Amino acid sequence: MTAAVDTRVVRRRLGPGRRIRLAFWVGPVLLLAVWALGSAFGVISPAILTAPWDVLTAFRDQWVEHDLLGNVLASLARAGLGLAFGALAGTVLAVVSGLSRWGESLIDGPIQIKRSVPTLALIPLFIAWFGIGQEMKVVTIALISMIPIYVNTHNGLRGIDGRYAELAETLAIGRGEFVRHVVLPGALPGFLLGLRFAVTSSLLGLVVVEQYNATSGVGHMMTLAEQYGQTDVLVVGLVIYGVFGFLADATVRLTERKVLTWRRTLDG
Amino acid sequence: MAADTGRLTGTPPAVRVRDLYRDFGPGRTVLRGLDLDVAPGEFVALIGRSGTGKSTLLRALAGLDRDVAGHGEVTVPDSVSVVFQDSRLLPWKRILPNVVFGSRAPDAVVRGERALAEVGLAGRERAWPHELSGGEQQRASLARSLVRQPELLLADEPFGALDALTRIRMHALLRRLCETHRPAVLLVTHDVDEAIVLADRVILLDDGVVHTDVRVELPHRSPADPAFAELRAYLLDRLGVHDEDVPAGRRAAA
Amino acid sequence: GGGSGESLKLSAPLPDTVPSGTQIRIGDPSVQAILDASGLGKQLTDAGVDVQWANITGGPQSIQAFRGDQLDCSSVADIPSLFAAWTGTSTRIVFQSVTVDPLRHPTYELGTAPGTTVRSLADLRGKRIAYSAGQAQGALVLRVLQKAGLSRKDVTLVDLTSTGDSYVTALGSGAVDVAPLGASNVRIYRAKYPRGGAVPTGIRDDAATLYCLTSAVRDAGKAAALKVYVAVRARALLWKNTHPDQYAKAYLEGTQGLSAADARAVIADDGTTGIPANWDNAVTRLQRTADLLAREQHHPKLDVSTLVDRRYEKVEAAAAGSRAVTGDAS
Amino acid sequence: MTAAVDTRVVRRRLGPGRRIRLAFWVGPVLLLAVWALGSAFGVISPAILTAPWDVLTAFRDQWVEHDLLGNVLASLARAGLGLAFGALAGTVLAVVSGLSRWGESLIDGPIQIKRSVPTLALIPLFIAWFGIGQEMKVVTIALISMIPIYVNTHNGLRGIDGRYAELAETLAIGRGEFVRHVVLPGALPGFLLGLRFAVTSSLLGLVVVEQYNATSGVGHMMTLAEQYGQTDVLVVGLVIYGVFGFLADATVRLTERKVLTWRRTLDG
Amino acid sequence: MAADTGRLTGTPPAVRVRDLYRDFGPGRTVLRGLDLDVAPGEFVALIGRSGTGKSTLLRALAGLDRDVAGHGEVTVPDSVSVVFQDSRLLPWKRILPNVVFGSRAPDAVVRGERALAEVGLAGRERAWPHELSGGEQQRASLARSLVRQPELLLADEPFGALDALTRIRMHALLRRLCETHRPAVLLVTHDVDEAIVLADRVILLDDGVVHTDVRVELPHRSPADPAFAELRAYLLDRLGVHDEDVPAGRRAAA
């Protein structure tokens, strides 16, 4: 059976087909290559975008001299805490407003309005309510990252096939069980998509909140770099954002693949 | 073989339907004044042409048609179990959790495993629904209704995708279930033989009402029995299958 | 919060004793760093002043914090106290400092785009100039035009907010001809765009203040604490003049994340800080700026004497003692 | 039949049930009421949040004195143009990267990175490439609003039931037909969700881009108000944002309901 | 009733399967060395127990199992049409567009309307799939395969959800289609009668191979014909249905 014949009927594949191993890295690596080559051959002037090697130097400098690690950790702690609260609040609100028309009428409108309004303009309110310390920062990030979780989970929940709700109704289960066994797993794809947005939102929120009374953090570092015009440090910040964002996104998508194995979709 | 209202005893019927109308829009009135009684413990088979409203009736009994236009009176027992026409397994649960889903019995898992074994799916407890064949999905969905002990079982073509042998086994299983718990049963089927083999009463839905209602009183429920064949012919005739429809030889010189 | 709760008239003499438990919330990071490095911070604790530091400076952020009652004082230039008044937040300036030899150490210069030559201010006629109405850079542009005898019609003001090196980019890409650049941006600009230039404005732009919520100054406890703080702050700034290396280490490198070379350059740009013997000149300049902005940006006229609390003038001068600067330098 | 009996079997409804007419407005109206009452009873200090009536005054003032209408129209034109380009680009990229693993490996990574990076920090690049005129603004907004369209459409596409691709393969249709009849309608729910985010993103992007060389626009107005600290004008801007965002969102969701009538979901 | 390889003529077979293995993981080898030939224009009915691999075989012939482990040799004609076990209508298309989807004939719409009328769905052209009953969906999916003229028709239980009368009509329809275009047909069914009525040859899948292969050579394809009954009994026996399985009377004193 080692050399068994295997001629199959070959049909033009219309879906994306099988995953290519490590293909994942092609885009970012290409981006890096373009940046490096562009800088090397003078297509990208250092005035516009610092060259990768200069960013590396700046990176080492920040790491050794200015506690880059501490900044990153401080930021991650803030973002992580805010994200955790935001994800929890977003999910709870999405379930409440997804399962009850009255809940929806109370919750949904204000959230859409909050979502439409620039966070920067809300900061004065938050400062008044929560002070200028860690609390304000975490609350702001929580509110920022709550939004995509809410919207996507709500949307995912409302997209659950109505036949499963019918089934649940004939099984005479309670609302709690319904939420646990039907609503949450059914809305999980939506939630995970929301999480992907929430992760990046929480990181981006740092840039805003760390302008206020922060003494550490990547956002703080970038604010200072902007003030003093340290382009290379600014690009260090951008790279950190890019790397963290990309890795966080990749992590969520990996999780997605693991927990959504039950799905038979174009994703294969 | 006279029509029978099903009101045999003094006990109130398990299912009572009066003057039921269901209407899916202009020209699509599916049920038009349907009356039906099913006694407790009675096994009723519901036959009828595709699209006559069998599923619609079942959904009305299951309380799943709040948003459909219509009116009428419907009474059913508190505890109802439904086997849907599509097998309706939750795609995100493996088979065993699907089968025991919603069952609050303390030994639910054991019963679920037993039910799966009974429908011939032992060893598939941890399969995903999409990994089952069509007939296997249908049997899993049947197993789900076996772990419950409803007063009324509504089953919408639960054996449609099963081969002859598996079907006979499932018939036996269903019969055993009925003998132990004696639920009232309303079983939709397209197979007249199946209806006669299983049911106490066969009703035929046509034009939105119960068009024919026969009590099955056969000593031997075997197709070999002439009474069986007679009832079968009668029902097929009421369904509109006449002799001229029965195919003659074709393509003699293929 | 954190005050004694006892109210004090704005005309009453400043109390000397700081009630225990008095806390003042101050956004003044450079002085904070100096107090740590020099050991002068001990003078505050000795006097029973409890400072809660915030890393907040600059107009918009300090006004937001004031409004939310999260901050008592903040170090800024002169513009924020004017805008606070115009938008209904009552503040008082309690500290003034200047740059000794301000024209040699300007805060801003006029950057010129590659290919644009501006030799004197009169050459600005017809040029596209970056203008940011609410920021100090915007006020500077108006003052430059005033000095050049030009009106807004004689030039094209391009609305552009100054964030980070946005003016450097705008100049470099030729989007504007002229833009006010802070000293560090001038260095970056010259490095990135060797064909670009920067010319001095010839205008004093060295105003530096500590301004506080009026409600803080009205609180007897906080007013007393501020009295101590103002004196210590004056000594701190003078210490900075004499200990540039320690200052660079503690503040510019330590908290601001600059390299040693950049820090040295910033210190050279900053020049020497002076504590004025009196505030007469500073208040006159502030009034002129207020009048100009009122006219050009359609604000109500403002009497700046309501924005300064001159009780602290003497406290500050006394702390500097003989080192206070007078005359044109102040 | 006028008074026909209608007793139905009543089963506890587990889904959200029927839509309540006008319930839609309850949340926003409540928000307004809280704001008005809070301001009236002094719970909300005017320094933090201007009272609604003062905002009205400011609104009238802006309308009459400062050409608010002109500002709004200029902003809408920018946002609309950017959104149109962004939606188009996002959809095309999503389809390409959704249907081909190689396309995905090239496109997806860079987009996730772009998404993770603060737009504000990219503005210098855009200024260098596109100047500070209308072009830069439209490009920036297009890039901002492209992201949610791309991510959601891609996700929606990959979530299409694989059985429909199988069906299409047995029908031996071409890729174009597959995209038109299976991929686009199947990804439509995702696209529409992305559109909801893109609409608000494009409006929020105004705040960033109109800081640069704009002489009109709501973002420009808010930038000025923030610098001056004119809370009332800032709140006029916030209200305009809230109203536009809410209405735009509601419009997309109405469209969603119209074009997704084929769905049988918990949304009913 | 001897087994028949199906290789009657010198023309190459339309379908040729050799030594086919399909394997869904440890212990789940579904096809194990299956051989099959179907001549052009031949009508083969495929029967077998639920879960024996009938759909798996059809998917292999349709080229839909690229990612399933296994090997073997499969040859099919270029133009293949599949009726899936689930009716697989695109939920976002109304019925008529679903039926003509992918058809490039210039008169596709007319043919679609005719096909819908033939399956008894005239007037439902603009219905959404979810508005159809189970049997109606199945018929719509059948109509979709009617508007095409494939060389090979693979139909996975296309009549499972149909009542007796509708089923007889659909049989006639399918026969007409076969007479006009003469495609090779592989039809999966659970109904042995249906297999005998429609097919030239009945094959029985068991244990991963073609276990029984009979040519249907009856003068009259009527259940009344004794030869019919004999073939039926033979096939049922091979399927494992023995007399002891046939139900006796039950619940005599209900």
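Each chain gets a letter, A, B, C, D and E, in the order it is written, and its residues are counted from 1.
The rule we apply is simple: contacts are C-beta pairs under 8 Å (C-beta built on N, C-alpha and C of every residue); 3 or more make two chains touch, one makes a residue touch a chain.
The UniProt protein names, listed by chain, are A, D = ABC transporter permease; B, E = Aliphatic sulfonates import ATP-binding protein SsuB 1.
Worth saying up front: this structure is predicted, and the values here are computed from it rather than measured.
Asks: Could you tell me which chains are in contact with subunit B and with subunit D alike?
Replies: The common neighbours are A, E.
Asks: What pair of chains is linked by the most C-beta contacts?
Replies: Top-ranked chain pair by contacting C-beta pairs: A-D.
Asks: For subunit A versus subunit E, what separation do you get between their C-alpha means, in angstrom?
Replies: 48
Asks: Report, in whole Å, the distance between the mean C-alpha point of subunit B and the mean C-alpha point of subunit C.
Replies: Using C-alpha averages as centres, the distance is 85 Å.
Asks: So, what's the distance in Å between the C-alpha centres of subunit D and subunit C?
Replies: Those two chain centres are 40 Å apart.
Asks: Indicate the residues of subunit D shared as contacts by at least two other chains.
Replies: 11, 13, 18, 48, 120, 124, 128, 163, 168-170, 172-173, 182, 226, 231, 263-264, 268
Asks: Please set out, as single numbers or ranges, the residues of subunit B touching at least two other chains.
Replies: In subunit B, 62-64, 80, 86 touch at least two other chains.
Asks: Multi-chain contacts in subunit C: which residues touch at least two other chains?
Replies: Each of 64, 67-68, 163-165, 172 in subunit C touches at least two other chains.
Asks: Can you name every chain pair that touches?
Replies: Pairs of chains that touch one another: A-B, A-C, A-D, A-E, B-D, B-E, C-D, D-E.
Asks: Give every residue of subunit B touching subunit D within the complex, in rising order.
Replies: So the residues of subunit B touching subunit D come out as 18-19, 21, 60-67, 70-76, 80.
Asks: In their shared complex, at which residues does subunit A touch subunit E?
Replies: 1, 4-11, 13, 18, 268
Asks: For the complex, which residues does subunit A have touching subunit B?
Replies: 163-164, 166-173, 177, 181-182, 185-186, 188, 261-264
Asks: Mind pulling up the subunit A residues that touch subunit D in the complex?
Replies: Touching subunit D: residues 11-20, 23-28, 30-31, 47-49, 98-102, 104-110, 112-113, 115-118, 120-122, 124-125, 128, 148, 151-152, 155, 157-163, 165, 168-170, 172-173, 175, 178, 182, 189, 193, 196-197, 200, 203-204, 207, 222, 234, 237-238, 241-242, 244-246, 248-250, 263-268 of subunit A.
Asks: Note which residues of subunit B are touching subunit A in the complex, please.
Replies: Per the stated touch rule, the residues are 62-64, 79-82, 84, 86, 88, 90-93, 101-102, 128-130.
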